[in-house]
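Down below are the structures I want you to see.
You will see chain A twice below: alongside chain B first, and alongside chain C after that.
Let's turn to the complex of A and B:
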């Protein structure tokens, strides 16, 4: 809705910053802190998700809330972006690709989370979901700010916007429950992976590099 | 015109995808809604691509395997299950009936919604806070409505005209409540009702008719203060201020007080408080901590004679009655009191003071200085010390309170001019003590930080043997001419 409008405006504003040479070094200065903040945010969300998932899966009922529950991932479930990736492939990702993958994944996950049944469960569950979505949106914006402070372009829009309801919405309630389960599972996996992604990025943008650049520009 | 079956085929949206038979099996009925106690026969038909036979399948309901006796193969790839006397759904998202292959893999599932149609919501009760809004609560008709998700809608309209309005803000005062924040009319009654609906049906409550002015309540009274009445050991004085809305809406208020002893849960209610903003509680137990609450009921709104709705009780305020003289001096810790070192020191100091202040006028100033020093050191901690059980400490600054009629108490005989200061509690009341008050000792409490005052309380003029208390403050003053009492 209008949050996307605000978001795109913000991104447009941030994207224009690299064009000003004088600001380049302040962006580098900010990147390290932004990466740290993003890392912290993923840990916080991971913690929040544990409670949210527990409550939501109890609402779905057994067997969804059983610890070893492992339903098949049907073809339709592939719309949720998967965090699972080959180790060498993951290691070899450029900073840009790494950040872009995170950005795309969370944008879509946020979309699907928001579409979780509005009537679901108790008022408490709805409230928790709402709170989590706000935090997740904060993460998406945080990743965007890291990307622009490092001079990378944002991936085009919320890549492949979720198809209008009616075509990809689950054809029955049980399949919808399975979709919800996999959404939460992928969210969890992504948050685990992102912590490692941002940890890696942290090491690549050390503050020492920034001071050198400042001197080089004669500040 | 193409034949009908072909037409239907064209109309059904089936986006082609690789591995189009994404679903290994199909359950019928899919996501049915059922009444509690009814029966169900469900079938699981495996897709031909999966090469499974009926005997390779089994059912679970909410994660528990169903006995094989309930299942019957209906064909080479179809297994059925018969469920009877269904109980209400375990969760509102539906019971999970799942068809598994032999190795436990999930082939298909169906959500069973088992419950009851809603009954008419009952007990609609509404109140208006300061005539600005309306909050209503109700109760569901039956217990059974929690098995299925039941949607409640509160509707209201002005009697005789106006269209139906729907309340939007739910769950403001519990799960079955709604809040109407504005655009409420006075002087014309409203018709209010609640509609309950779930998968099995709809029910509408009876219509309740009310006038906003009849259901007005206010905030509880503010600034409730409870304090002792001089030295009276069986009375406490309660004071409060009326809620601010009183002025705005021209109503009068009547009040009610309830109080209880610290370690009891039984409240005593004082009903005939009228519209005063102060009251004296009498007949209390000496040396006891009481909790007091006040609430308010607006009446005479815009001149009407009807009463409104009692407000919530104010937050409990605590105070203690003075200890009885016959009891041993000092403050014995009661159940709720914490034994901090500070309190012990204070008690010891008071004990020492009582011991040494008898009939000793010239010590007054020295003691005063010592006390002053000590007080400054422990000022902060003292503020945290509770209100209870300090025999001479008042619970709230009562600078303007004069000692009331002391029924049964001898008036203090003062043989020295008293500086004009607000009286502190118990200052120099005991006839035998008045000498000790020589330098305005009794007034001291009134001039400093407001709260403490010293009244040797043990005995009336007959020195009691007191155990010596090892108080460090005692040492510098051991040169006093008076015999220590201990």
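Let's turn to the complex of A and C:
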């Protein structure tokens, strides 16, 4: 069976997020409050991930669940978007670029996580993964709503398969587990980074819309 | 210089002199008793720290100096204690170390920092001496840092390794300039204010949250308040008239651990000036005005206990 072909198809289908309609409710909230909401979501997800990762790594077994496990980064793991960035570059990101980087990263990460879900061993694990994926989808949508309320275009979704076929299928069980390990690591790091990204956005995008509306109501 | 372990047996030869030559050994200028000699060799059994010093060997009759050495008694190093911390995130981090027990002889330290495949340079601080710092080249890294400290001296070596993620070692310095003041006309309030630690480089992008604890000196239990915003807080449930001790700690909003507690400040809430003495004096004045002689107030002080 062409397992890689099936994987690619599934991923493309799952990752094809619909274009967001201009939701009245988010416009009323204003960019400032949406950013706060998104920030809160990243904190919630980071907290959730700790439990999920612990369970999943235990499922993978040693050495993946050992706290000192520090494997070298193999080239194949580069397909998962990395949060790592040069400090000055990160500081200098425009609001649009900052939001877009987050949006792209979580869209891809969500995609990979969903693929994980399909293969996970225990029912408990599938349940946790499923719940986490829903929350993560919520984060992606939240970022998208912030972007649209600020007038930024949404980056194109990962329509193409995440990597050229033939080079990324894990040739054995151990390497597949390594891929899973790095996926969770990148996800965790992105959630730490996003908290800082949204902190910066909070400061730079004052809730001007909210202020105006208060004035209109005679405050 | 000759280094020897505590508890070891030391044999010193008098340079090129034969075993059966007549020599005199001195330790820091004092002659050593012949019982410690085996021919012309000096035997020191189970040396201790007090036996460190200058040993000299003189030819018997001519009193020519034939050999001289400094003996330093010490121990090989035990496993060093290493700590790494980022109090200036996102600029970088520092590592500091020390030995759990002294070796009594000179030690040299070598520190290596490996990040993935890259070896990074940890710049040694001038002061304090056992400390070095590193600048982050990249932020939000998924790869752990591996820091190895090796301590070496003439009697041996030892080392320890720390492996950590960028986020886990973030720990700010305590808040600075903590000030607590009473609030006029409010007997249960205390106004506390503080500043971000000056070592934290970018509180705008990396905001800190704070933890305040306070208690009256007479009680042991602390009250706690966590504050996610701002560098001031008003305590509204202080016990009237009681002196309070107050401390503040800081933490990055999202990552790392809490700082140590700040220096403690003391403050007592505002209390009303006692009024009853003034009222009695007023009554005394009005009564004395009518009798034209001053009448002392009812409470008399017994000054002469004769």
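Here, the second predicted complex is superposed on the first by the 168 of 219 C-alpha atoms of A that agree within 3 Å, B and C clash if a C-alpha of one lies under 4 Å from a C-alpha of the other, contacts with A are read in each partner's own complex, and residues count from 1 in each chain.
Please note the rule applied: contacts are C-beta pairs under 8 Å (C-beta built on N, C-alpha and C of every residue); 3 or more make two chains touch, one makes a residue touch a chain.
In this text the structure is predicted, and so the values were computed from the model without any measurement.
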item	value
Combined model on chain A where chain B meets chain C, clash or fit	fit
Touching partner for A:199 - first (chain B), second (chain C), both, neither	second
Touching partner for A:64 - first (chain B), second (chain C), both, neither	first
Partner chain(s) touched by A:43 [first = chain B, second = chain C, both, neither]	second
First (chain B), second (chain C), both or neither touched by A:81	neither
Chain B versus chain C as contact partner of A:72, first or second or both or neither	both
Partner chain(s) touched by A:155 [first = chain B, second = chain C, both, neither]	neither
Touching partner for A:138 - first (chain B), second (chain C), both, neither	neither
Overlay on chain A, chain C to chain B nearest C-alpha distance, Å	11
Intersection of chain A interface sets (partners chain B, chain C)	72
Interfacial residue positions of chain B with respect to chain A in the complex	13, 15, 17-19, 22-24, 27, 30-31, 60, 62-64, 90-96, 98, 105-106, 108-111, 149, 151, 170-171, 175
Partner chain C, residues of chain A touching it in the complex	43, 46, 68, 70, 72-73, 82-87, 90-91, 182, 185-186, 188-190, 192-193, 195-196, 199-200, 203
Sites on chain A touched by chain B in the complex	58-64, 66, 71-72, 74-76, 119-121, 123, 166-167, 172-175, 177-178
Chain C residues within the chain A interface of the complex	90, 116-117, 136-144, 146, 163, 167, 204-207, 253-255
